[in-house]
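Let me give you the structure first, and then I'll get to my questions.
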């Protein structure tokens, strides 16, 4: 583990440039709001966006990233497959990955899950109440039994993901649905956290609890210096093999 | 659930045609030995192989398959991506999938797992002892506390897979390694079982316990008629949404 | 596995005798309604109640029970510890156990879980909508994406249980809570299913979907003939131990 | 989370006083060796033993303990039930618990697991090789792909525990068995780690890797300040309930 945790906040960053309603809420992009919060928490933070060369995710940037935060929505298909492969390999090598809201449909999340990652959705600005179901989990630190998001897009079950290794939050929606909103996965040496809240026009990434969860998740997903995983051919047995 | 469970045994079927040592053990292909056993158990069985058109896995064949058994080894790369997509979609829709031995490196297994599925391996014909760690699991029905394979290829940890939803077997190897040898996964509506034993020259698919596990796994992976999963846009809330 | 699955429906059976409102709904006891449904499904069913000698759960009865269904509410403390020990041992030996609604606070469930099994609750007759979150699970067979209970007691998170081995249902409540309503656990050789719905005055055990889930769960929890688990001292190694 | 993590090392501390062979290895008790290591790692450490009043685990001591380490072997039955209840409650309230070796049969571990916690065992001083199966897990930090214990007591499967929430280690034994040697469980707000290695005469608690795992586990099991879990009756709904 490095002493200072290095976070890269990746944002598709299209809405904010093309849609005034979004720009009004996030004038410098959603990544800027999340990055500011993480800086204030003592993390070393940089941003990367879709329209930069290599989507801002060069080999070098990824090599210097302990935890990657991912937001995408309207342009999942424009993320180049070779960059997805690169991020995938880094996650298996230990980099943490935090996927926000509509990132459930990103190439990298679907590739790591192996399922469709489809869900039900509706956009009416209804209320969401997020319940903690694993009160001792580090990602729930500093929260109460639940918190509310006054106006949000609905995501409902069945959410087509593998059963999470650790389920931290379940959401209640005013319109009648439920959702597994905080899901931990271990893949290779990496740790992945999917967090449902977030939206491009509702000011959800300014909400205290949402930011608290994101910084908790960064700490949880920070890689540790475990065994080097060198798999493949090991022709010499560790123990003598008597021929039977 | 259909009354008679329909199984398709897929075999790469190259070794048996190109290598006399393999043909001596499996003169009609490995799939024939597995299929015979399953027929005798009352399943309705067909075979499919790599060199058939569409690898024998047409839309029609898959639509009539409840459980697919997969063996591949030397030609994983020749399986066409569109057929992998087709099998993947069928698994998410509920078809069972049983992946044998070197199938851990098949495109379909890696796609479903989301990880590298790499492992350590060694080929010295050493002894393997397979321990049951979930004695009440249906896939362990009819077994003793352990069974042995006298001569086998070694597969050792770390096996780069997601933590299994249910872990049924752990192997001990004479040369000093261990391996999670019987791993259950739920993905979409489908159930997947990875079973480590098997080889192209050791006569492992003639062994009683191995065949017992395969037929147990077919029963476990048989789809049930659960809810149709129709995800996507649901604009109308189930409950009235009072505007706050 | 026996050919015919033998089910014992255990009911505290106090409310129905002491409270007219309950007797109006369940004149012959709740167990009678559940038992009738299971008989019609082809199971061999008997009932047992708290006030019988040994609570109706003699060694003999348990030895002839493949799956035990448990309902208790007001008299958990009157169940004798030695009977709880007996049921516990039978579960570890493979008997299935299905715990209904207020049975979450029974001695046997708390003993098997190792946690407090506490939860939030409220009794206002509000609406519950039960969502399937694992559409391929055998316990969800025959259901739609969700089903509703028009009037019920609320149970809310955090439900203090171990993370379920398989989570099948999550409930939405009109009053604002969520709950993990269908939870599978493997303990020893036994399989346990906790199912939230049920009540002594709301006619929930007459509802088609609820009965469907109960019979699905009986099938899922039916024991298989796996390895005899004989643990303890094994002084003779299976392999020669060279002294280093 | 407190700034300095407070650890209590509990030791039965009978062998060391009654058996010269044990005293030769652990003249001041096993707890002293473990405590010294943890002190050197910066934890605030105290010890407690069976023969102290209240076994050294007063309300006050437990209230000031973030993580409790448990070693017992010959006198599990002498631990008073009321102290077990007290420790159990503290774990559910968030205290971490690390159970070593023969502690698998302690009252507190069995109570938390809900199963028999039985296993196979043999005492011939054979070799054990402990493989990491989750290389990214914090408890595997600083290790290689495996480490060896040259002479140890064998513990073999089937280990009658619930499936671990996270499985970190699997052991290989020279005599032919395997064992799930590093098992994580979440119960209530507490985190529990079972670690197999350890013995009263083999000098296992002096081994670098074993001590490394113990201090890793203490860090992993340290409680976080999550939601207060106040369960029970909540008569007022969070949302208005329209009567249907």
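To keep things simple, chains are lettered A, B, C and D as they appear, and every chain counts its residues starting from 1.
Note that a contact is a pair of C-beta atoms (placed from the backbone, for glycine too) under 8 Å apart; a residue touches a chain by one contact, two chains touch by 3 or more.
From a predicted model like this one, the values you see are computed outputs, not experimental measurements.
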| item | value |
| --- | --- |
| Touching both subunit B and subunit C (chains) | A, D |
| Subunit D against subunit A, contact positions shared by both copies (same if over half, else different) | same |
| Subunit A and subunit C, separation of their C-alpha mean positions in angstrom | 36 |
| Separation of subunit A from subunit B, taking each centre as the mean of its C-alpha atoms, in whole Å | 30 |
| Shared-contact residues (touching 2 or more other chains) in subunit B | 129, 132, 134-135, 145, 156, 158, 163, 165-166, 174, 176-177, 186, 188, 227, 229, 238-239, 242 |
| Complex contact set, residues of subunit A against subunit C | 129, 131-135, 145, 156-159, 163, 166-167, 170-173, 176-178, 180, 240, 242 |
| Complex interface listing, subunit B residues touching subunit C | 1, 94, 129, 132, 134-138, 140-145, 165-166, 174, 186, 188-191, 223-230, 238-239 |
| Residues of subunit A that touch subunit B when the two form their complex | 92, 111-116, 118-124, 126-127, 150-151, 154, 156, 158, 160, 162-163, 165, 174-177, 185-188, 227, 229, 231-239, 241-242, 244 |
